[in-house]
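After this come two complexes, each holding subunit A, first together with subunit B and then together with subunit C.
After this line comes the complex of A and B, so read on.
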């Protein structure tokens, strides 16, 4: 999602180098569109972006942009500015970074990557699917920019074994989508082009499918050909460009490279000993955390954040219902605890995972609450050990790199001891 | 019945509430706890159940920290802690609505550790002004009624629902009467007493709460008739904005320095009792409409109506300042606060922000802040 800062070594995948070009092109396009007077919409995570593309509204992602800002290590002054404008220290740091930019006053504003978000937005699109923060934050933006705000109301997935929402829940989201289409018709003064929308859905489904293949390829392969840090930089087009050709082409190429690497058994690190699962949003200001463990023979091979937050398959034979199902069922944050456990348990087995690193993220209650339960469940039911690190996804203040390192080192030592004990036993 | 004039103590209040609940149980009644004022209590009441709003505790958290992070509001952590310690064992059930992210996950943690009795998630929509969401709310309330009936083995008849609507309406009307009375006749009823009466309504058998309210109102009217209360000096009048206010010592300090609270938009205030249920027509439909149309919580979108309610109150001309009592980690309120505060200040009304965790630590500092604020407000009068 964010651009990576100072990689200590080259990328494991050649295709990954294209991610920065995609990001740059995206920003150039959106700024040019704004200049040309085309409508720009601020979209939040998991909002139905394919509809925006179907209506020729270019989406900008304040959330994603906050991650970019954090990975450029300039989040702090923006966070502090938001706090000086009475936004509580305890609110989500994505929101605070954005609101720090929106309400910036005086000198000393950091140079914003890619020229900043295009302002003002012409329309706001959000949803409660991942969290209520996105709704409350968007209400602030609505009051600042006085533009229309569209909210996709959605129930939380109660959870069944096959991870499907109930028919009533799907109906509800389908009805909501149709209402949003009518709202967008009003806003753009154009008639909805259903064919174009279905084409966007098809592209979205292709990208989602390729992404799942990529996750499976790197997760199932021993050794894994690519670690988390690099993959966090590859997810952007899945966040912001679903419904366009870009992610389809990009992930097709990446998949082919991964197929080759896994066939050749070329690993991301020379001597892979421990395979880790990363749970929650990364620390964008310290992505090194994800690769530092590699010096000890450990590698993050799977992340719920990359697999169950962005992208997903759509049943195109029944496009509206298929899309509604995807929106409801493919977001980890919208799942209940039992479902989260079931999915983790399945993936831990499929991806040969030895241990789990939970990031208890003070900026994301919806993701983080329940970790102590999941930790216990994993250990008791599967014998999988885990560690919880305390941090924030974008606000570096209060983060202790030393403590986190120590915790992770100790965790890898624990994995080592367990393995030794196992081989002796 | 209340702890009038002795200084408010939440522990004592809670002890009294628990005593009443146990009495209810000893008479064969059922008790269900709940969070939030979007739970249709009328349905529980119609099934003969005492519904009690969980207001947390001022005690230290001892058990919940092992299950939930500290960056969640105290109301959530305290309720979980009480449950884990067995303090809620007398309850036959617990209803948690899907309001904020913390509450939603609280349900999961509750279920994992205390999956007993009538434990239900009430997954309500966020967009309450939209037809589709309103239909969904009707379905959700209908389902809730069926779940209550099935679990407690009691078919809820229409006339029982209508009776419960009347009982709740009477109680809300009395609370509103009390509100209007103290606004009109400032000082005749202390702020502490008035808010303690709301806490009682949230947690006591409704009929008992209504009796108390009637006697408070009668007493106030008697005082007015006898003109016993002589205003010594003009009081400084405040609106209090926030979610739950259980530490009424804040109000004691306000009064100590010559202030009085005459208006609020609290979850433990007007947001609980401002709107009644229509008494004609289909009772389930009427109940649902009431919860759709009521003065909304910041967990619902759009958020303008609560803000307009505050502005309208200020426009009545008798509010001199606004005190925000904000629960730490309460995202919905904390997001609303900066722009809401600015709009209020643009109306030339000073504001004071107090951070609370079901109470304020550092009472001396709080006293100084409130005293200074009252001086500022008085200076501007």
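After this line comes the complex of A and C, so read on.
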């Protein structure tokens, strides 16, 4: 219930202030490369971007850029433009934002952050690991830009909580990687630079490992040194610069700061009472939602999106198989419901979670499947309450602020009542 | 000890004045664009009726969509908790509350001690809310308060299949054009609302007894359809619209006693 002390302003971590510089530098670099005539490849999340670097192709990320656009609160006219071009209202809003820009006609186009995506792309690389929409979206881009498109196919993971794919599944992805290498050799008319590929894999391994260390550090620490809103900004470096040195340096520094804050028990908010888990992609146009709960003593300490879409180690002793395993193992969207539950149950324990907020995401139904089943399982088996909010990660048109705030406020009241009832014995 | 509970809802402001455990007075006022003004006027009116002044009130708690915009409230709580408290006060045997307000509908599941164990709410659209009935009453040119009594005279079942308020309006207009009696159409509207709310309630186990709160509980047509869908009767408070404000006043009383 109401009237708690307000949280302190500003970033919890000094290192977080570097994220905006990294973002700006990335965009300057990629636009400069395009001007200089270097090949640019549009890559989707979880695509094997290290292979692009091995062929001196610079990656740009339409999905990530759509999130940047949504954060700048200019997504709506682009979404509407895509819909006016007969793309379905039900299509992912990342795709609609990008396609709205690609097919924009007439006046009134919003000023695109960082000058927009460099166009045209020279090649397209995608994968069906997160979803099929990406493949269809990339096919539209291929038709628009008349450039080659490469697809990494991968099976859905049905593993255990240890999260290991089967040998057959790994074999399949290794074959796919080798096929992509042959396709890129054809495209660039150059021989594959395996040494460079392994170097990029090593950088990805370091950055991915550091990212997971960071997530563990802030999740295990009581009080947590940093909340979700800040970490959603900090993930950019990993999303757009995987395979380079930038995220390695950035996350090493962040890890050291977190280690210090954890040791000193310096919390993100003055009086941490309730520790929350956020499930699904955040509302990029309303990241404030993640920090608003802090007024009531609640803080998001863990997000499945930040952990099970991004980061992870690669076994470099067997690079192809190690990479295939990493690609298959760490994507929440590519797991069946039982595995998701098992992983969440483990994380709830490890990160001392009091409650879960599910974001039923209109744009990402594959991520949002089974929430009411998961909700029931968490309550019945672990006694962990949860709430489901309905929204979209990048399209603000269907978002109801009053409804969502009410659900979150009531959920914190529920946690408070449970806590009070427990303390009364 | 005098306290007040203010429920600043999307359609109406509701205020309850409590003296210790007894409800001293209450009032409901339709809110226009200026909901804060409506709340102020209503509180002033209630206080004058009781020959009391603002300074006599020990604590004021607000709830409802406008809960954060009542400057004289010392504390805010959501309707979910206020409804639970308001219902449990007089009906401690209730385990499931269905609240249908102007802008949303909620199902609140209580444990045996009257605490909120879980809740579900409608998503962002108007289907399943009081606004659904208001819009269709306008489309049919029937005063809102006559919707309930008219619908119980229905002689045949009409299905309104669209959950979208705008599409449902087209369906209603089409039935009117086909010459169906208004009572039959209104009954169909109530059935559609009841179906939507009950399917939401079934996301969790519905434990009895069940209580219906919110302004829509005054509509006998909706009540009957929900009872039919649930296969049993519901408890309805004497003033179903006031439940949230009563709960808010109870929280105010607890707070005032603690001070």
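Assume the second predicted complex is superposed on the first by the 416 of 425 C-alpha atoms of A that agree within 3 Å, B and C clash if a C-alpha of one lies under 4 Å from a C-alpha of the other, contacts with A are read in each partner's own complex, and residues count from 1 in each chain.
Just so we're on the same page, contacts are C-beta pairs under 8 Å (C-beta built on N, C-alpha and C of every residue); 3 or more make two chains touch, one makes a residue touch a chain.
As the structure is a prediction and not an experimental result, all values here were calculated from the model.
In the superposition on chain A, contact of A:369 is made with subunit B only, not with subunit C. By the touch criterion stated above, A:398 is placed in contact with subunit C alone, subunit B being left untouched. Looking at the shared chain after the overlay, A:379 reaches subunit C, while subunit B stays out of its contact range. If you count the residues of subunit A touched by subunit B and by subunit C, you find the higher number for B.
In the superposition on chain A, contact of A:406 is made with subunit C only, not with subunit B.
After overlaying the two complexes on the shared chain, residue contacts for A:417 are found with subunit C alone; subunit B is out of touch.
Legend: residue contacts after superposition of the two complexes on their common chain; A:175 is shown touching subunit B, with no touch to subunit C. In the superposed model, A:132 lies in contact with subunit B only, and not with subunit C. When both complexes are aligned on chain A by C-alpha atoms, subunit A residues 372 touch subunit B in the first and subunit C in the second.
Subunit A meets subunit C in the complex at residues 1-3, 372, 376, 379, 385, 387-388, 390, 398-400, 402-403, 406-407, 409-410, 413-414, 417-418, 421. Against subunit A, the residues of subunit B that register as touching in their complex are 66-69, 71-72, 98-102, 104-106, 108-109, 111-113, 123, 125-127, 130, 132-133, 136, 139, 298-299, 301-303, 326, 328-329, 331-332, 334-339, 341, 353. Those residues of subunit C lying in contact with subunit A across their complex are 65, 67-68, 74-81, 103-104, 113, 115-116, 118-124, 203-204, 251.
Against subunit B, the residues of subunit A that register as touching in their complex are 85-88, 90-92, 95, 128, 131-133, 135-137, 139-140, 142-144, 149, 151, 153, 155-156, 158, 168, 172, 175-176, 179, 336-338, 360, 362, 365-366, 368-373.
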